[in-house]
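Two complexes are shown next, each including chain A; its partner changes from chain B in the first to chain C in the second.
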Partner chain A sequence: MIFIGPHLLLFALFFLIPIFFGVYISFTNWDLVNTPEFVGLDNYKDILLNKESTFYTQLHTGLGNTFKFVAFTVPACIVIPLLLAAALHVKPKGMKIFQAIFYLPVLFSISAVMIIWSMMFNVSFGPINHYFTSSPNWLGTQPYAWIALVVVTVWWGIGGNMIIYQAALNGVSKEYYEAASLDGAGRLQKFFHITLPSIKNQLLFTIVITTIAQFNIYGQALMLTKGGPSSSTTVLLMYIQQNAFGSGQSIAGIASAMAVILGLCIMAVSVIQFFLLRERK
Partner chain B sequence: MHKKIKVMISCMIIVIFILSLGACSQSSSSDKVGKNEIVFWNPFVGPDGKNMQMMVDAYNKTNPKFKVRNISLKEADMYAKIPTVVNSGRNIPDLNIVHAERIKQFVDKDMLIPMDDSLAKYPEIKAENYVKAGWDIGSLDNKRYSVPLDVHSFVMYYNKDLAAKYAPHALDDNIVTFDEIKEAGLKAKKDGIIAAPVTWMKPAFLSVYSQMGGSITSDGTKPTLNTEQAVDTLKLYNGFVKSGITNKDGQDAGQVFKSGKAIFYPEGIWMQNDIKKAKNLNWGMTNFPQLSDDKNKMVNWSSSHQFVLLKNPERNKKKTEGVIKFINWVRDNSLPWAEAGQNPAALATLDNPKYQQMPQSFLIKDTTEQKSLKIFDYKYNGYISEQLDKIGNDTVFGKLDIKKALMDSQKTVEDKIAQDK
Partner chain C sequence: MKKVNISTLISFIFLLCMTLIWIFPLAWSLFTSFKDEIDIQTFGFTMLPIHWVIANYQDVLFNNTSAPVAKWFMNSMIISVTQTILVLVVVSMAAYGYTRLRFKGRDWLFSFLLATMMFPAVVNLIPLYKIVDTLGWVNSYWAAIVPGAAAVFNVFLVRQFMIGIPIELDESARIDGANDFQIYTKVTLPLIKPVLTVVALFTFTSSWNDFLWPSIVFNDIDKMPITPGLQLLQGMYVTDIGHAMAAAIIAIVPTFILYLFTQRYFLQSMSLSSGVKG
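Let's look at the complex of A and B:
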């Protein structure tokens, strides 16, 4: 008890208490100022069942857009870093420089990244439109807004997963490849039958972590597309933030209930992924 | 023995941890700040923050009994923090700047204390000495809850050379009507020059909506966004877009204006320091575009930064007096604030020749202009603002059906209000 004491205290202070408080708030009507008024399941009924309610629409639009974002970005955030790591694994010339370049974006803060990219995508003076014959409004029309969000997110996050895959690939014994060569296996066969199974655990880890990270999408949509056009990229966290800390009076109860639903979704998806990937053993 | 040492070290870590937690909360608590210090929160983190710091420094040099400590917070952070500190009763600032639109909501939540008693000693802090729009907003149920620092308006910048070429007489009366803008725009279109860039639609919408006779609330509680006037307002802008005389969707209107490719550019007076940076740009400032030439019907969207006292049991009477003394000093010494691009609410600055030279001073010099400054005061203004920011550009650029957007907005605001039980 004494050994885990400090950790337990920190865990309770910064993790358990906020979570319980958040869940409690989701059962209340609270404006952040007066004492929360207990309303039972009203908030959940409103956002889950009451089709007439604005908050029902918000939850469905927000959650829908969040899922879309996860579906668009997670595969790219896994496959692209894996391919890059595999390419770097054969130790090409200038490998260190490329590694540094690919890893660099991870170190930038989200605001810096978004400001740079909003300039890149700018309709009139952005370099991207400079090279295209037509000049779409990248951040204000679909499907360009989604493309922009995915490109930026993948660019920003390549390095993190790539480093993990690089380390994993270094750990794969060369003997397997040699044995495979003797059996006459081609490059692709080696990749699918040796490399992938060998780094399965790291893959599982990155898939779960990346999925959770992308579920928490907020900064990109807020700063790049501002949720538009016509709410098509407004993700759930944006609704939650606006309801709880918007410019109007706070609706913290509803916001908390939405946050709980989002948390449950993340948990459910993570558990499913875990089991699916484990089963294959 | 070994075990004992481990136990001792663990105990020490726990003790240090607990102590450090205690120290954290103590060092940030207000009583540590110093009894003779006024903690002053404001949302001035932009370039205007420097000017506020200058004013505070100048005031502290006068050796007041209570010195002011200037703390500028990001607007969103400040508004998120206010309920938390008021709720906990700790670390509440002694003086606060909030936006005019928040006051009704704060009073309603019982977060502000009236200033009437403390103001009694400073007779110069009175209606006659302030811009009416800024002063009136602080009075609720015959009590005064705030004193204005400034009144900032959404106006229109124009390129003098282009205006002379394409709209030679539009500025004679200092009112540019939408018809005049359209005429100039159609003339300029051939030369690749645009007329009235669509900028921040929230203030633009509210200003035109009000000119059309619309109001954001029918009785102070119920929102009225889904009206004919609102449809007409958005249609007016949509018409401009369709005729091809405005900036394109996604195009940065400010950039176009600064590069000398736009005749008009509606923006806030607070943007002028940004405009000044553009070299070779011969610009002027005028009223926001109007529907008619009638000066008495003019509307310029405005807001105001207001001094308020949040409820704070620790702020005693003497300190409150110190606070009011500072507010009174600001009334007489607002020039640095005007230099930040704002219009000080205190009329004392009006006589200053330096101020009279500033482009934004035209809004205050003349009483008819003063009357045009309209603050959109409504308890649920925040909800309306959020909706307008959401639908403004999308409807104007034809990406969202105007009627449907307004209907949805009305419903959203109503549903949010229904949560305020």
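Let's look at the complex of A and C:
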């Protein structure tokens, strides 16, 4: 007990209790300071159904943008690292260096990466407009703001998936390919009929963890597009943070209800992850 | 033979193009951090500095009391190093408990811990703040150090590794009269060094890079770590590109250096974690 005690204590105090407390206060009118008062489903009614409420608009805009972000980035964060891993798999010259460079941005903090990229997209001094003939206001107009968010997210976060795919590709038996060659299968046929089915588990795993990660989108939208233009990239976590910890009185009850809704979306995906994890245990 | 060469060539060209895209932002920001601010305003985009200066670094490190980057850097160092040590101790002890000690409901308890990993962390953000506030930890290093040690995943990783170590080693130590604590320190810890290295590297980098949580629990500028600090700084250096870049470079140097020396572990650990999970 002395061995597991410290971790269990930390786990209970900083993870388990806050989770249940978090669900509870979504049914209260808490302001972070006074004793929370139970208000039943009022917060949920307000954000889900009351079209007049600002919080209704916030939830719908925020959740909508979060879903858009997931839909735009997840496919790119699967396909691009898969292509890189496939190219690295033929072991070209300098493979180790290529691999190291693609992985590198994962290790940098989001705020440093966003400072670098907001300058990359800078209208007057940024290199991107220097090389393009047309000079759009990348971060201030759509669809450019979304493109910028996706580009940055892919640049920052594909390293992990790439390494997982590399390991997966190494595990595919060469005999399958040889047998397929004898049967006269082409390159693409081999890819779709041998490679993809063989790495199915790893693909599923990366899709799940990438989706969960992208649902927690916050830093990119906050620092790169600042939620704009006109709230078109304001994501739900930004509203949650503002309502609970922003200037003015805290509306932690409403913010918690929003967090629970976002949490339910994430949990739907996590359930799949849990079963994947158990299978291998 | 010819076919192999063509696919190698195509791969090589593809990777080379992608690498250029990946390196460009880093190279440009590094060079820009050494540019004279006036040159940037006058000449617009250039790759290399026209005059090489280190003024940007001097300014952001020491001459700005509303964005004290040197202080933030030290705060981050203290937080990340302390959290890494705390996590190593807590996690290795817990993993030892879940694999080597026999007590009622052990495996049930561990399955329960695993199942809670499904709970989305976003829900505990607001109550966690209240708990940390009640402990009097707002604006203190403890707020950034301690809650992170509650994570279950590291325990899972170390436990998986320990299951692979034959228990006979423990038993022979026990026959020699060692107690649990001695077995843990003398037998187990040396054997699980590889997985602890991985845990240490990941804890350090994620602690260094943590953004949302520290930006909530720190509002005192002098106490802040560098990652949330940079967000404040972004608002101050909107047009001073050289200064902003210098600050960003300072913030990424520690994890970059760590990666240079321990790349092998980072890459191994990725396949390790997908191996157990996927």
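Here is the rule we go by: the second predicted complex is superposed on the first by the 257 of 281 C-alpha atoms of A that agree within 3 Å, B and C clash if a C-alpha of one lies under 4 Å from a C-alpha of the other, contacts with A are read in each partner's own complex, and residues count from 1 in each chain.
The rule we apply is simple: a contact is a pair of C-beta atoms (placed from the backbone, for glycine too) under 8 Å apart; a residue touches a chain by one contact, two chains touch by 3 or more.
Here the structure is a predicted model, which means the values were calculated and not measured.
When the two complexes are overlaid on chain A, chain B and chain C occupy overlapping space and clash.
Contacts of A:130 after superposition on the shared chain: chain C is touched, whereas chain B is not. Contact with both chain B and chain C is seen for A:32 once the two complexes are overlaid on the shared chain. In the overlay built on the shared chain, the residue A:122 is in contact with chain B and with chain C.
Judged by the touch definition given at the top, the superposed model places A:198 against neither chain B nor chain C.
Touch criterion met: A:6 reaches chain B and chain C at once. If you count the residues of chain A touched by chain B and by chain C, you find the higher number for C. Shared-chain residue A:246: touches chain B; no touch with chain C. When the shared chain is aligned, chain C comes close enough to touch A:109, but chain B does not. When the shared chain is aligned, chain B comes close enough to touch A:54, but chain C does not. Chain B runs into chain C after superposition on chain A, and of the options 73-81, 199-207, 217-225 or 253-261 the stretch responsible is 217-225.
Of the residues of chain A, those at positions 2-3, 6, 32, 122, 124-125, 245 touch chain B in one of the two structures and chain C in the other. Across the interface of their complex, chain C is touched by residues 1-4, 6-8, 10-11, 13-19, 21-23, 25, 32, 83-84, 86-88, 90-94, 97-105, 107-120, 122, 124-127, 129-130, 155, 160, 163-164, 166-168, 187, 201-202, 204-206, 216, 218-219, 222-223, 237, 240-241, 244-245, 252, 255-256, 259-260, 262-264, 266-267, 270-271, 273-274, 276-278, 280-281 of chain A. Residues 4, 7-8, 10-12, 14-15, 18-19, 21-26, 28-29, 32, 40, 44-45, 47, 89-91, 93-94, 96-98, 101, 103, 109, 113-131, 146-147, 149-152, 155, 180, 184, 205, 208-209, 211-212, 216, 226-231, 233-234, 241, 244-245, 247-249, 251-252, 255-256, 258-259, 263, 266-267, 270-271, 274-278 of chain C are the ones touching chain A in the complex.
Residue ranges of chain B in contact with chain A, taken from their complex: 6-7, 10-11, 13-14, 17, 76, 79-80, 83-84, 86-87, 105, 109-111, 248-252, 255-256, 380-383, 385-386, 390, 393-394, 397, 399-400, 411-412, 415-416, 419-421. Here chain A touches chain B in the complex through residues 2-3, 5-6, 9, 29, 31-34, 37, 53-55, 122-125, 137-141, 227-231, 242-243, 245-251, 253-254, going by the rule given at the top.
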